[in-house]
Each structure stands twice: as C-alpha cells, then as structure tokens.
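Read through the structures below before going on.
Both complexes shown next keep subunit A, but they swap its partner, so subunit B is in the first and subunit C is in the second.
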Partner chain A sequence: MAPRICALCENARAMLKRPKTGQQICRDCFFYVFETEVHNTIIQSMLFQPGDRVAIGASGGKDSTVLAHVMKTLNERYGYGLELFLLSIDEGITGYRDDSLETVKRNQQQYDMPLKILSYDELYGWTMDAIVSQVGRKNNCTFCGVFRRQALDRGAAMLNVDHIVTGHNADDIAETVLMNIMRGDIARLGRCTTICTQGEDTIKRSKPFKYAYEKEIVMYAYFKKLDYFSTECIYSPDAYRGHARVFLKELEAARPSAIIDIIHSGEAFEVSEEVKATQKSQQTCIRCGYMSSNDLCKACTLLEGLERGVAKSGITDRGRKQLESQGPTPDNLRTIPPFKLPSGNPTIAIEATS
Partner chain B sequence: MHRSTTQPENPEAGKTTLETSLFGLAELYAMLRRVTPFQGYVFLRIYLVSRNQLLSQTRDRTEDIRAVVKKYEGLTFIPLRVEDAFDRAWWDSVGGKGGAEDLGMDVANEDLVLSSISDAEHSETPKSRLQRYISSLPTQTAIPSAVQTLTRMLLLHTASATGSSHLLLGTSLTSLSISLISSISQGGGFVVKEEAKEEWVPKRSLETRKENGHENGAIRIIRPLQDVGMKECAMWAWWHGLNVVGREKFPGGKQSIGPLTKEFIVGLERDYPSTVSAIARTCAKLAPKKGAGGICLLCERPAQYGLQDWKSRISIRSFKDTSTLGSYHPPHFRDQDMTGSPLPEVSLSLTPFLCYSCHTTLTSRSSRGTTAVTASKDNPVPLPLWVTSDLAASAENAAHLAATRGAPEVPEEIWRRRKIDTEQMKATVAEFLLDD
Partner chain C sequence: MATISLKVEFSGGLELLFSNQRAHTVELSKSEPDKPTLQDLIDWLRDNLLKERVELFVEDGTVRPGILVLVNDTDWELEGEGEYVLKSGDEIVFISTLHGG
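Moving on to the complex of A and B:
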C-alpha cells in the first residue's frame, strides 16, 4: 500500500492523525499548525505587549513543559519581546511534587529561564499532606486550588511580573464548563472560558493553550522529545472534576470536536443581567489584602479553619457554625502575609540559570 | 403534543424509568374537566412514528398510540412521520410555500455547497430522501440530533397550521437537564435558554395568526413537567395505571452524546442528589451573549454568525487560506504549498445560514465513521422543505431588492484573497526598479 501523503503540505509522508481535526499530516506540519494556532490565539486575543515580564506557571507536567517550550519558540520566532520566567508551586504532596519539581529545574536549564519555587509550607505553614490529614480526601481539592491560585499571584508579585500564563488546555476548560454547570457555580461559569482575566487587585492571567487539545500537547511533547513528568495527584481521583473528566473523554470518543463544541458553548453564553446585579462585587481581604468577595478571602478563611482545628469551616455551613461557636479569632493566629501587586522591583532574588 | 417514553427497565419489580409521560398530562386534563369547566384549551396530539422508518426490525406503534389516545375525551390524534420533512404533500398541507425538492447539499465539504439534485433523485420518495439525509451524517451521534431537529420542526409547523397557540412537550426535570448538557456538548450554548422555554414565530402564517388573536403570532413551547423528576413521573404513571407504549432506541446506542449524557447524569445524581436541579437552575441564569445574526434555517433558532471564521481560527485545516498562517514558513514547505490557489467558483453555501449546532451535526466527523454513503457535489443530499423554501425566499428577496434599486441582478460582492508571489510583486513595480 502506498504511504499516505500529508494532507497539508501534500509532500511529506503522513506520520500522525491530528486528534483535533482527524487530518493525517506529517510531523513538521503538525509542529507548524500546533505552534501557529497558539500564535494566532495570542495575537487575536492581544495577550502581550512588548517588554512584558511573563511568568509561566510550571508544574513539570506536560502542559507547562510544552507551554514553556512553545512560548520560548514563539517569542523568538515572532519577536514578542517578552521576558520569560518559570514559576513553580510546591504543594507539599510527598511523591507527587518531588519528581516534577526536578523536571522544572531541568526545564530551567533547557530553556534558559529564571525559576522561582514557592511552597505552601513557606507561604501558609501547611503542606497538602497535612491538610488532607485534617480534611480527608473529599474536599481537599478546594484547599489546593484556592491556595495555589493565591500562591501563583504572590510568586508573580515577588518576581515583579506583569502576566502569568498557565498551561490550561482545551480539555481543562471544557471540563470546567461542565463542572461549573453541574455544581451550579454561576460566578465561575461566567468567566471560565475567558482567555485572559485581570482584576483591579490581581495580576493578569492567560491561557494560551485554550484551544489546544490535551492529546495534541502530549503528541507535541512526544515528537519533540520534551522532558516532563506525568503524575496524577494522588488525591484527585475522589475529586468532583474527575467525574467531568470521564464524561468528557466519552464525549470526545463519540465526537472529537465535542471539546471545542463545549468551549464554543461556554463562549456563547453569559450570566444574565438580573443575576449579575445580585452577585457580590469584588473587594480586598481585610486580613491579607488579596482579592475577595467577602471580608475575608477564601484562603484566609480556609487557613483559619485549619489553624483552629475546624478544617471544614470554610467548606460547610456546619463547619462554619462550629467555628463561630468557638468565639472570636485569636490574636496570635498564623495568617498569610500581606499581598501587594508588583511594585517595579523584584522583592526576592531569582534563581538564575548557571 | 409530542410524547417520549421508554420501556420500563424492570416492570416485575414495579420499578420504571419513564422519561416523560404526556399521557400523564392527558390524565390530568381529564381529571380537571370533571372537576372544573375547562374552557378554551385543545390538546393537540401528535405522535411521530419516526423510528419505524429509521430502525430496521421495528414495528409501527401508531395504532398503539391511537388506541391509548381514544380513551381520553376531547383529544385529537394527528400522526406524522419524520419523512414528512421531505414530503411536498405535508408541506402544502401546513401552508408551506416554495421549497424545492431538487436542491441538495454536499456534506463532504464543510461549506455544505448547494446544488441541484438530478432528475432521477428528484423522483425519490420522501422516505428514501430521509434515509439519504440520515445516512449522510458524519457520526452516529449526529443521527438522534438530526432526528430531534426534524421532529421539532414538524411539530411546530403542524401546530401552526392547526392554529395552536401552545406546543406542550413532556420533558421532565431529568430530561431537561440531560438535554441541556447534551446541547451544550454539541455547541448549543447560544440557545441554552430555548431548551427550557421558547417562542417560535412561523414565517409563513404570521399575519393570519395575528389576525386570529395569537399574541405576536408566536407558538409557545411549554414543558409542564419540567419541575418534576423522572422518578416522580414514573411513580405517578405507575399509580395511575398509565399504559406506556414505549419506543425503540437508535442504533449506535451509548456511542451517541444523548445516551452518554443520560447515563452520566443519572449516575452522578446518585452521589450528588441535587445535580439535576442544579443543572436546570444554573442554565436558567444564563443568557446568550450579544451577537445574534439571524435564525438558523434548519432548526429555526437564534444563530450566531461568523462560525466559519471562528472555526478557521481555532484549527488550521488547509494552507490555502493564508489568513490563518503566520509570517513564518518552515523549511520543508514548497512555495506552491503556500500560494493561495484560485478560489473555487462562487457557489451558494448552506453554512452561513446555520447555527453552530446544526453545522456541527452535519459536518463534524469521527474516526469511528458512520454508515454514511459517499456524499459529494455530484451526489447532493436532499434538504428538508422548510430549508429550501427559506433559501428560495432569500434569493427572491435579494433579486427583488436589486430590481427595485435599479441595479443589475448580480450576486453580493464577494471578497477574495490570494497570496502574491515574488514574481507578481516584481511585475507590478517593474518600471520602478533600477538595475543592480
């Protein structure tokens, strides 16, 4: 049988079938379309300005490893004029983060980018292992997600960057749309397909891989022989998101375009005006100064619960009432350090490449 | 009204999994008539024997349904078939005007180019046209979606023709949640509100309907059972001894998005009991983003325009459209790969007239394939008559406008892009170039 010819260049031999389009194409065309689609996403959304300092949220996993590679490639190819950094968060999960942090350190060498690692322990005084021992395995993702989000912003502020980019891909965003509908989280649903978010008191955050399929990211890493660590969080199987992920994979099997179709749906609707009027306006936390919908931000609320021995006070009404019954917050309670937006000078020394 | 039920899973155990039961509504109607003078409401019963024509080895359940409807006073039974969407006799009976049976689409091309159907195919029966339409769909999961659209449009056009003000559908809270997630999974986010509540404005009999007292001329689609869970419907039907006729399932089973969604939501409800109501409540808080450009010709729901641009930005499928390519070209490319070859002859395409969901149903492919026959521009697939009618009306309007303005009847101005190579550039500025 004659070898298949690439459907794009109609010249080279087809080496793979694109999960996104089903086209049979050669390896070089795949690299080209993958990188160009990300470039188109960046340009059409006007994500960056020349001179921007951009922190890449790096976990050592496939998404952030490929993101670092692609951002470096596109920055050089198209002259974005960006200063790129790697920012990694150590959640303190034994056996999970240890190996992936080593991958991030290798990425630092390979891509010649400064690296900053910030840990939950140093920021909050609690590791995820310690939190799970208090909370159990059902609500632990709430803690991790809230703490990581704030940790990324704080790390970015320390580095004095203008912008954080994360490796969230099309599969992640489609899962989030489904998950927020099923859980009734209307506030998050209204913004989860936005490619770039920025509040008054937060650093700009973008997802250049918004339309990139997870399978294509893996394929890119495979053909480029990129070094990454594939480890699933040991606490994640019990998470609600896991249900949405399984469902999404079934949908993708029935129709590969389902992932993009869900993203399109998410972009096509918004929260109705009547509901927006009832939503809480954003303020800053009275304890740490981070953005918040209430007097205390979620991270401070969760941390207070941990410190006072009522870990679920930030999650369930019962826990909240139990905490309130203990009386007012003690003065010597451990708190998160005050948050300040980038001032112009990095407040910490960056681990430069050797 | 349209009825949708399934066979009980384990009738001997007394447990049923009825999805909806409009016979429950009929029962309520009968009870209310005994208790109070119930004036002015006419329940229009329509049962579509659609699956009989699409599924082999299934029997026609029309007479079973007719026998059940007979038990209720004041109900009129109007049977339809899915192939009526391609039947001139039905279209004429509902006041349809225009509509060409000789217009079809090329589903092998994402532009869904329209062309004439040959005389031989023109003389096909509605049933064979339906079968060609269904068998041309690119995935198994597209079949139930396509049939659902045809069913809904048949109901609406027939309800309009009978002077109805409301169309009642037997959607339970569980089915509503399933259809919301299923619709969103197929790109129907723009019409998420219409899944729960909708007003359909008929194009053809609008003035007549307004004269007859119908507010805005619209038909309201109501789902009276949408706050009642699936199991509650089943219990109510069981206690009232309702005769559930049931229906067959489409081939492809759990490979389709609808059954996958149902299995997922019903399963999730066990561990998270408020899932079904959370989905319905959340979607009720959503509204379409601004940017509606018109009405989809196939499902006649609001459509966002510009879907071709959006899809072409999201994924590069060809190097011929140079607008999506960057300034960088890898070394393995040849010049002719990047040169925009002359665009094909301007042809009428159905794509700009469709919403995202309908376009995806007709074009989005899977490696699992379907039983699809090979479709091409030489073998166009027939279209439902309301689509061809609207296409003809659009063409007439365009010609009329051109005529009244005094302009010649020409197609709208079309923009065409093509890459200019070095030699062409040089030819343009040749007289200004100095010798080296």
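Moving on to the complex of A and C:
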C-alpha cells in the first residue's frame, strides 16, 4: 500500500489509524490529539482548581502509568497548578501485585512524584491471597473492589488530598454500563457514567480518561516507551466483567465508535421516579464511619464475614443466614479503623523523591 | 521457495504464551511466485511458536480483538492487515491490551 500522509498535519507519514475516529495520523499528531482530548475533558468537566492536591491511583499498569505521565504533562503545559501524588494499593496478591508495585516505584522516580503505598493487610488484616483461600475464585473480585475503593479514600485522607484520579478508560466505563444492565443494577447504572463523584463523606474522585480508548492508551504507552506492568490479575479470569469485556471487544471490531456510543447511552439514562423512590439513601457506617447504603458499609460486612469464618455472608443469602444463626457480633472482632475526611494536616510522612 | 527472516515481538502479556520470550526471530517460507503475508505469519506462529491457549492469540482465523499489530512501527490497519506482503527484515510487534490498568 502506498504510504499515506497524516490527515492532521498533512506533513509526516501516517503511522496509525486512530481506533476512536478512524483518522490516519502520524505519531506526533497522535500524541497531541490524545493529550489534548484529555485536557478538554478536564476543562469541560471543570475537574480541578489551582492548588488542588491530587492523588493518582497508581497500580503500575498501563492506564495509571499513562495517566501519571499525561497528568504531569498537562499540569505543566497548561499550568493547572496541581500538586500530584502517586497512591498505590497493595492487595496482597503474590506474583501479581508485588511485581506491579516495583513498576510504581520506578514510576515515582520517572515522574518525580511522592508515592504512598497502602496495603489490605495493614488496613483490614487480610490479603487477597488469604481471602481467595476462604471465598474461592468466583466472588473474590467483589471483596477486592470494595476494599480497594475504601483503601484509596483512606490513603487519600492520610495524604490530605482534595481529589483522587483513576485511570478508568472508555472501555472500562462502557463495560460497566453493560454489566449493570445485564445485572439489573439500577442504582449503579444511574451513577456509573458520571465523570466526577463527590459525596459529603467521601473525597472527590474522577476519571480523566473517561473518553480515552484503551487501544489508544496502549499505543501511547508503546510509542512513548513508557514503563508499565502488563499481566492479568491471576484471580480475574472468572470475573463477571470478563463477559462484558469480550462482548465489547467484538462490538468494537464491528464498529469502533460503539464504545463511546455506549457511554453516551449510559449518560442519557435517567432512573424513573418510581424506581428512585425504592432506592436507599446514603448514610454512614455505624462501625467505621465510611459512606454506606445500610447501617454497616460493605467493607465492614465483608470483613465481619471473613473474621467469623463465614466468608460469603456478605455475598449470598445463604451465607448471611448462616452468619445470623451464629448469634450477634462478638465484641472483640477486628474492625476497620474510623474513617475521617482530610483535616488539613497529613497524618503520615510521604516517601519523598531523592 | 522464498525464505524471509523477520523480527517478531510480543508485549502486553502476550509473551507469556510464547515461552515467556518477548523477542523472536522467525524464518518464513512460501513457494514462489507467492510471497508470505502477515496472515501466513500469524498462522505460522499459531502452529509453531504458540505454546498454550491458542484462543488467547487467534480467533476466527485472525488475531483476537484487543491485540494491536504493528509492522515496522506502523499500524497494520494502514498496511492492509493480514494481506500485507512481508519483506525480509520486517519487524512485527503484537501488543495485547487485555489486562488491568
């Protein structure tokens, strides 16, 4: 095939076809449009204020590494005036997380940002390895997702940041929309496409990569030669999300704009009034103070099940009944430390860069 | 019989399917006047180098959706995908996007 000229600068040779738009563009133009689209997302959604302290949820994987790189680039290029931190959660998965944390430590050097690592073990007393040995491989992702969400908020509170950003990309959000439809999870369906979530009792959290295609993130990382860790979590192959992911990839192959279109459909959903009336309103957990839809937050519920030897009590009806039949909660049960929003003073020292 | 030598690289976790080795050198042959294409390379890799889990690399005869293919650093979609005619010395990179971020 004859070499094509870049559709944007009409100067250099086209090196790639953008999965998002089908445009054939050169490498430099690709970097520019990718970065600029994220910048536009940030500005249009008014995500940040000058002086904000922002924690980047960093796993060492492709999305968070590229996010750290792009946030740093845009912060400098457009003068956002942000203080950036890397926040990493160690779930305790041998052979997966310990390797990816090495990547995050390298990222800290490469991007010159302070890094805080918080582990499930120190926070909950349970590693994912231990949890899987109790729960098996089918429902373990529920534990991990719930525990990680709280862990990020707690780590951010310790660092006294105003905002957490995560590397969720367009594919992730489209998958979530599909998953919530498939499972009839109306409460989540109404929330999952919001770019920035803020509650009274939680730290602001946004997804600057909401409209960035996963393929483009990988291409960006490859051409910029960014250092990232790339293996599937050893416990994930049986996760429900896998079904949505496979389906989405096939949809994308047939029609690349499907990913963005699904997100737009998700944004256009409005939960009907009758259904809204049946939804639970938000309160705080009576045990640890984190946000919750019930008296006990999900993390405390799951942890109680683990500690009392009925790991699935937070997952299945049968497990719940089994736990209830055991009697009331014992007094000396291990619990999660109380949660407090940032007070203005960091409570822990950050590992500073050299 | 025309034989060409190619450099093949696997990334994004794909290397685990190919003896945990990222870089490979591959010799492909095809009887003249036909020249080997990228599709021939994919078939050859599946039959000769792929050590396990064929379905994680190929699907319906071509690479699984979610795997990027670059030919000399250029997107294979700009080079005709599977129909691209290989030349000796070409560098082909297969990158998987199917993993956590």
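The rule is simple: the second predicted complex is superposed on the first by the 352 of 354 C-alpha atoms of A that agree within 3 Å, B and C clash if a C-alpha of one lies under 4 Å from a C-alpha of the other, contacts with A are read in each partner's own complex, and residues count from 1 in each chain.
Please note the rule applied: a contact is a pair of C-beta atoms (placed from the backbone, for glycine too) under 8 Å apart; a residue touches a chain by one contact, two chains touch by 3 or more.
Note that the structure is a prediction, hence the values are computed from the model and not measured.
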item: Partner chain(s) touched by A:Ser59 [first = subunit B, second = subunit C, both, neither]; value: second
item: Which of subunit B and subunit C A:Lys17 touches, first, second, both or neither; value: both
item: Partner chain in contact with A:Glu250 - subunit B first, subunit C second, else both or neither; value: both
item: First, second, both or neither for A:Asn332, with subunit B first and subunit C second; value: neither
item: Touched partner set for A:Tyr222, first subunit B, second subunit C, both or neither; value: second
item: Subunit B or subunit C, by number of subunit A residues touched; value: B
item: Subunit B versus subunit C as contact partner of A:Ser281, first or second or both or neither; value: neither
item: Residues of subunit A at both interfaces, subunit B in one complex, subunit C in the other; value: 17, 250, 253
item: Contacting residues of subunit A [partner subunit B, same complex]; value: 8-12, 17, 20-23, 26, 28-29, 31-33, 36-37, 39-40, 44, 77-78, 177-178, 180-186, 189, 211, 240, 243, 246-247, 250-251, 253-258, 260-262, 264-273, 275
item: Touching residues on subunit A, where the partner in the complex is subunit C; value: 1, 4, 14-17, 24, 59, 61-64, 167-169, 172, 214-215, 217-219, 222-223, 230-233, 236, 245, 249-250, 252-253
item: Subunit A partner contacts - residues on subunit C that touch it in the complex; value: 11-13, 16, 64-66, 68, 70, 73-75, 77-80, 84, 93, 95-101
item: Complex contacts: residues of subunit B adjacent to subunit A; value: 139-142, 180-181, 183-190, 192, 255-257, 260-261, 264, 268, 272, 274-275, 278-279, 281-283, 285-289, 304, 310, 313-319, 324-328, 330, 332-334, 337, 356, 360, 364-368
